[in-house]
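All chains are identified by letter, namely A, B and C, in their written order; residue positions are counted from 1 within each chain.
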Amino acid sequence: MTDGLLIEADGLGAVRGERMLFSGIHLTLRPGEALVLRGPNGSGKSTLLRLLAGLSQPSVGEVVRSRPHHWLGHRDGIKPHETPRQHLRHWGRAWGSQKKADEIAGHMGLERPMDVPGRLLSAGQRRRTALGRLLLVDRPIWLLDEPFNALDADGRTLLTELIASHRESGGGIIAALHGDAPFKASREVVL
Amino acid sequence: MISIFANPHRFMALSRWLAPACLVIGVVLIAWSVWQALWIVPQDDYQGGDIMRAMFIHVPSAWLAMGSYMGLALASFVWFIWRHELADMAAKSIAPIGAGYTAMCLATGAIWGKPTWGTWWLWDDARMMSVLLMFFLFLGYMALRAAMDTRQKAARAGAILAMVGAVNVPLIKFSVDIWASIHQGASVIRMDGPAMPAVYLTPLLIGALGHLIFFGALTMILMRAEVWQRRGDVIMARKLAGG
Amino acid sequence: MRSPSPIRAAFRQALAEAWAGGAGALLPIGFFAGAAMLVPFTVGSEANQLAAIGTGVLWVALALASLVSMERLFQADLEDGTLELWAQEDCPLFLIATAKILAHWTVSGLPLVLLTPLIGITLQVPADQLLPAMLAYGLGGLAFFFWGGVAGALAASVPRGGLLIALLALPLFVPTAIFGALAAEPGAAGPNILFLAASTLFALAVAPFAASAALRLAVD
């Protein structure tokens, strides 16, 4: 928790194939902040987010994460046979969550499809389940890749509220977005 | 030491004359040993008559087959630890040449085996089996690299596989030796026979040296092709990015 | 559900997935029995002949059946995004990979081993050999699954990677197959079962690290 920074990235650069996607990216995230990554398709928003999450190693530069983080990628991480209830219980066990999976599913508006296997869920329901994962344990950093995708109007409101309360409780968010941000961003990083 | 070879510019400058020089020296030495083997060296009934002349190809290719897998594993290890691009290029280039030498070793072994054993192939021969497995390791390595979608991924996957194979090679060798010892193994070459007279040994060793130099030349040529390929890719990428 | 237990969670999830995945557990069993069933048709049904090759046939069938589930073992996790989540855990990835391989072995490897006496009888393997052979199949099958797991992890990002997995894994199966066949052979005295156990331990020691390096590559 040096200087209260959640994430500090210095001089990040990424190469895909022979092409330099981006270089010289500096960014910091403090408690309560929300950073938005912007750029056209193929500009490397997802790649940058994956570098910040530690899924890929940067070609140059380094990332320092001082606190644990949650990840929400393009793919929701839900198995075809898993119901939302089973999914949340599974990660609750893996992470040692104190919370009840059913309550979180209820909060995410998943009462009805609670016991429907993942392959039969709609994209929005899968996304809500994946977002429910973020509530299982408190982790100060949220890394979200296009989190509003596939969500209906209710879902967008729900996520906006989640983001707001996460920031109020001292968490930080980095999100890759296209389109308008339904929440007030602290800063934008344009790629 | 490694960093001297790790510089692609220095490698290109060096290999520009070293590759053709090695090619010429290697071919000359191989040609001399083949000439010796086919026309000069007396026939040896102990090793199976005229067919033993295949030894002058068979033995060097067996040595190179083993050596090239070690080279592949070493280059992969260097790339995995230090990420020197040239080490990856070396690994990529060694694989098809090593596979070629293992195939040559198996082919000459079979040709030699037919009149000596009365069969093209004996499963009991530990050395043949080890070389055959080496051949499969090379094939797997090349297939895995080809299946990856970017160069960086091909390098990483190849390095992991080559190192897994390398730690398994002693175990494979040991198990195959035990297998052969139980099944009364016969061997084409009897290294424990009477000491090999100089008239055989000299052409054999000169030939092996020639194959080694030839192997080095081929590796450098393929590596040079790889450097050019990557330069071409960079130019293409720049054109695409610049529009 | 208090303290974090990612390894147990990964094991449970993999078990559930293997059961749920469209008769995933039955598939290797069907393959195993089917491959063994072809043998009498191809080499002849004479009892002496079958008895001589019975244990060996079971080794080949076991090795091939072990490969059947390897293609989806990690590829499914990569496609649905689960692998990304595991790769960001504090828990070392090689332990997760081990848990997954063991879960798949429990569902689709162990049943094969339990089935060997039954198929062995039909292949005229002498009755007194069946149980000692089962121990060898158990040890060998575990090694097959771990080496197959490395190949499956390396080929996780390759569409239709089944053939590639076979090409990568089969050379690594050789020591296990040799020691296993010798251990199951009647009258072949010697420490072959110990050699088999040692080569399985070697697989347990090396394969998880290789698989985890390959998985990091797959999520990159």
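In this text, a residue touches a chain if its C-beta (ideal position, glycine included) is under 8 Å from a C-beta of that chain, and two chains touch if they have at least 3 such contacts.
Since the model is a prediction, treat every value here as computed from it, not as a measurement.
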### Central chain (distance from its CA mean to the mean of all protein CA atoms)
C
### Task
Consider the two chain pairs A-B and A-C; indicate the one with the greater count of contacting C-beta pairs.
A-C
### Summary
Here the gap between chain B and chain C, centre to centre from mean Cα coordinates and rounded to Å, is 31
#### Entry: Inter-chain centre distance, chain A versus chain C - centres from mean C-alpha coordinates, in Å
36
### Task
Take the average of all CA coordinates in chain A, do the same for chain B, and state the distance between these two points in whole angstrom.
49
### Task
Note the residues in chain A that touch 2 or more other chains, in rising order.
none
### Query
Which residues of chain C are in contact with two or more other chains?
220
### Task
Show which residues of chain C lie in contact with chain B when the two form their complex.
150, 154-155, 157-158, 161, 164, 167-168, 170-172, 174-175, 178-179, 182, 188, 195, 199, 202, 206-207, 210, 213-214, 217, 220
## Note on the structure
In the complex, the residues of chain C that touch chain A are 1-6, 8-10, 12-13, 16-17, 20-21, 76, 79-82, 84-85, 87-90, 219-220
### Query
Within the complex, which stretch of chain B touches chain A?
150-151, 230, 233-234, 236-237, 240-241
### Task
In the complex, go through chain B and note every residue touching chain C.
133, 136-137, 139-140, 143-144, 147-149, 153, 156-157, 160-161, 163-165, 167-168, 171-172, 174-176, 178-179, 182
### Query
Contact residues on chain A for chain B in the complex?
16-19
